[in-house]
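Chain nomenclature is as follows: A, B, C and D, assigned in order of appearance, with residue numbering initiated at 1 for each chain independently.
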Amino acid sequence: MNIDYVATTIAVLTFFGIWSLMAISLNIEYGVAGIPNFGKALFVSIGAYTTGVTYTRLLPILAGRDFIHPCGSTLADAIQLRSDIIRTMPVVAFVNFGITLVIAAVISGIIGFAFSYLVLRLKEEWFLALVLLVGGEIVRIFVRGYQPLICANNGISAVSQPFAFMGGRSASIAFLMLVLLIAFIAYVYSERLIRSPYGRLLKAIRENEDIARTLGKDVAKTKAQVMFIGSMIAAISGVLFAVNLGFVNTNDYVVTLTLDVWVMVVLGGLGNPKGALLGAFVIAVLDRLTAIAAIQMNMAGFNLEFNFVRFILFAVILLLMMRYRPQGILPEPNYTTEAHDNLTARTTGD
Amino acid sequence: MLSIRELTAGYGKLEILHQLSVDIQVNHMTTILGANGSGKSTLLKSIFGLTTITGGSITYNDREIIGISTENISKLGIAYVPQRENIFASMTVRENLALAVRKASRAEAALRIDRAFDLFPILTKRANQRTGLMSGGERQMVAIAMGWLMNPSLMLLDEPTAGLAPLVAKEVFETLYNLSQKGITLVIVEQNARTALRWCEDVCILREGTLVYQGRNDAFAEDDSLLHTYLGLLSIGKQ
Amino acid sequence: MFERILIDSLIRSMQVGSLYALMALGITLTMSVLKLPNFAHAEFVTVGAYTALIVSRNVSTNPIIILGLSAIVASVVALVSHITVFRPFEKQKSSIYIMLLASFAVGLIIRYVLFLTADTFDLFDQRIQVPLEIWYRTDNFILSNVFFWVVPTSIVLVIALSLLLNATPLGREMRALADNFDLARVIGIPVERVKWLTWLLVGALAGISGALWGIQTSVSPLMGWVVILSVFAAAILGGLSSFPGTILGAYVVAFSENTIMQVLNFQFGLSFSFKPAIPFIIIVIVLLIRPEGFTQFFKSNRSLKR
Amino acid sequence: MLELSKVSKDFDGLRAVSNVSLSVKQGEIVGLIGPNGSGKSTLLNVISGRFPVTAGRITFQEHDITPLSPDRIFHLGLGRGFQDPSLFYQMTVLDNTILPAKAQKGENPLFAPFKRFWRQEEHQLAERAYEILTQIDMGRLFGQLASELSGGQMKLLDIARSQMGNPQMLLLDEPTAGVAPPLAQSIFEHIANLRQNENMTFLIIEHRLDMLFNFVDRVYVMHMGELLAHDTPDEILENAEVREVYFGD
């Protein structure tokens, strides 16, 4: 078998970009502010489900076409309609895509915000992890059982990315550029956030929220803000994820997705956005390598399901990292805030 | 019997004891006095390996015990009754006592528990009650009984009368005195200096994590100001 | 018609609830004695089920042997995960999140090793080969001798476990660890050994419940994972510390999943696809509104923690 | 300035603080003493809002602060220090000092990524923090991690950083615990200076009575959750009940 190296690279980089977003959001939440978000799949899925809804409902309206019920007997017509619009009316496709991003981010942000206030009532700290985990499953089961959203467990397909009108490889490259751009913006945002007074506040809360509170900081509000930001980024990654795959299906947003993101962050380095990028990159490459290896092995007659090996591999990486290098490959640097530059300049000037 | 040499210990970075040396005599009742924060409790915890020890040595019957795990120190014949949370609150008195004689055979354990009830009659009526629901004095008795049941030759007690009414405190000391008459060496960290001095013949006084006095209690029998000076309490008023 | 469905579902609740109780007791034990919210418990259950499957095919169909071997294999797996993973993290004083994550990772490894095994030997969705007698059947329900295996076995095990905890030295030491870990060390309880024995016990419980679960349905690598959150819901209803509370919680969860779901379906046409959400909703509601679960009802000396 | 009337605090039915009424006037340094477990620290935690009260009422400068959360109470000008030095050890001395500054624009996640919104403010805060650090002789240490400080420096910084929030009053819990005598003296001198220069008010828990009594105006004595006595330092020594609590009968 010949491997198409260019296509593989594009695919790996696209996944890298999307996963970076997830890793960056978990890094802000857990790495910097210490909020263990075990519901990453939930917030990513909100982006995906929003995509499912806007592509089937909003898109025809924007294009001035009649709405076709996306499931059941009219399924094929609805898919045809979506493909037509995206291929022939790029502006509509882009507007729809942009609106999807905004709606997903806002809904997800609000849900994350609400969760963080809800969990103030929890008795033990790890209950937050459980509630978020379970929250993701509840939403998933609801979406899977409630047909009007994304056709229940059939899911929605033909949610092509907005550059589809360009066709072929240039479309993939254009989309890759868009993904990387969004990831870059998120990265710069998180780097700057960490070095700002806000980052100082988050680190203080991570280390000892009780004392931060007695020093006049509104910890509950700050955590809610962080959940809002993190969930927004996660939902944006969810939109990109769904659009990149071309379909939305509840089976993609299960606990293992959350664990993947944790592996990236723990591997790369908690509290360091560069670590989040590195972790996402390593996982994107490993993921593709196992897939390629699986195909090669199959061709050679070995019938080993590599998808399973992938999970074992990731779990082992997670355990080894937490055990032997808990700070990750790229540990959190000692960020100095602006104030230090000021004083350093002053004291050396004296 | 117990010999502590130049012990430096604390919690993490916080150093509480500074090169403290002290010797505990066999068959005596020794009280360790000192202001709050002078390192009394830290000293007892260090003996049981519950602090960060950065220097010095602790020998028990000429055997170095620093580095022995907490659960094995009790096997050497030392019992420790912590100040707080010194009982299993969700379990009954009998269960608590049974845990202290876990190495004994069934018959022997029963026998020894019966002896404990003789020694601590207050507990007999409450044998099957949850200790968490009992009064402070009764809990303290359970804790001391557990320590005694482990058959120690040395018992360390951290403020056994803290928070107890004077009458109950006296009862506790009477019990401890009885134990000491049975040949058990006792080390009692106390806050209530006068009471402790009445019962314990040996006195150690700590200040700022070092030993400032060790000797007999008679030195303090007459002179209050001597005690004040050593304890570092209210010294201004006395001078 | 409705009465029949109701009775069927009640019997089913009884059967499922007994198994939930067995699994949830394992979680409660790990939580209170070992201070670990152990998600890998799901996979210990699956290991038990696969052992039962393989034994029933290759060794013997004698239920005692099947259950015994399942218990042994699962408890070895549990102990090995303690030694290789959980104990080093404890020594490292890792936060509870790291422990939680580690238990996920352990579960993931076991689950996908089982997937690989099942894939290689074609062991997906197999039935455990035990003599099956059907005693009563309707269109959507079968009452067989499985019921009379599962329910009495669970009850016997639960009683044996309470006896172990309340009337034996080992049980007392386990409760001492749950109550006050430092004091347990101070009075010389060999905590590491008690932990090992607890892991073996927890693993054996999981193994047996897995075997019984497998006899009742069919065996697949995901079977433990699918029920683990129901089981957590039961344990959380029990306040993660009380034994009677956990057992009651298990039956409540099973009852809501089967009987209440059945009623909702019959009366309001609610789709069965929402059934898996029930335990999750129970978890969220309990954690938010009544985090102590049923413990208040059982303030006896049988609670594992204060 | 600070007024407690009949404040009680229960834990699981156990009364840790019982019916305590006390008052501190502007510019005073007041001591709070008593044996271990007498409820002093609990009382401090109740005042600063960490524990909700069971009964009673606390007012600070005419505000009823009984139901308020710790951050709101800090914002009203009532700060506190901790018994174990409670710094943010993964942060530098300077960041520890700046953190309590109120209403920082850079603490808004919308403005935070853009320096121009908060650079000016941050520079001013840095100057003020440097000033405070110089007062406690730690100016040069601003770039060090808090975990690298000595125990005494940690204690000093714990007190000094609350100045950033411009409090009118500080509650201190054993400010000299675990500190060598000369440094303890300088910690108390620092407290006296703060009163002198910034007109700050203090309520201090302390076991080092010899040190404490040189600096306080009045002393409250607690025993088993209740207020046992209240007097000037000299008088309190002659109080028979106090002597009994400390030395036994």
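The rule is short, and it goes like this: contacts are C-beta pairs under 8 Å (C-beta built on N, C-alpha and C of every residue); 3 or more make two chains touch, one makes a residue touch a chain.
Fair warning: this is a prediction, and the values are worked out from it, not measured in the lab.
Colleague: So which chains count as neighbours of both chain B and chain C?
Modeller: Both chain B and chain C are touched by no common chain, going by the contact rule given at the top.
Colleague: What whole-Å value do you get for the distance between chain A and chain B if each is reduced to the mean of its CA atoms?
Modeller: 57
Colleague: So the centre of each chain is just the mean of its C-alpha atoms; given that, what is the distance between chain B and chain D in Å?
Modeller: 33
Colleague: Rounded to a whole Å, what is the gap between the Cα centroids of chain A and chain D?
Modeller: 44
Colleague: Can you list the chain B residues in contact with two or more other chains?
Modeller: none
Colleague: Of all the residues in chain D, which ones touch at least 2 other chains?
Modeller: Correct list: empty.
Colleague: Edges wherever two chains touch, nodes for the chains themselves; is that graph a line, a ring, a star, complete, or other here?
Modeller: Chain contacts: single closed ring, each chain with exactly two partners.
Colleague: What are all the chain pairs that meet the touch criterion?
Modeller: Contact pairs between chains: A-C, A-D, B-C, B-D.
Colleague: Touching chain B in the complex: which residues of chain C?
Modeller: Those in contact with chain B are residues 169, 172-173, 175-176, 178-180, 182-191, 301, 303-306.
Colleague: In their shared complex, at which residues does chain A touch chain D?
Modeller: 188-189, 192-193, 196-201, 203-204, 207-208, 210-219, 225-226, 229, 334, 336-340, 342-344, 346-347
Colleague: Of all residues in chain B, which touch chain C in the complex?
Modeller: Touching chain C: residues 48, 50, 69-75, 79-80, 82, 85-92, 95, 98-100, 102, 130, 132, 146, 150 of chain B.
Colleague: Would you mind writing out the residues of chain D in touch with chain A in their complex?
Modeller: 48-50, 69-71, 74-75, 79-80, 82, 86, 88-92, 94-95, 98-100, 102, 104-109, 112-115, 118-119, 122-123, 125-127, 129-130, 140, 142-143, 145, 161-162, 165
Colleague: Could you please specify the touching residues of chain D with respect to chain B in the complex?
Modeller: Counting only chain D, the residues touching chain B are 35-37, 84, 147, 151, 174, 177-178, 180-181, 207-210, 213-214, 224, 233-234, 237-238, 243, 246-249.
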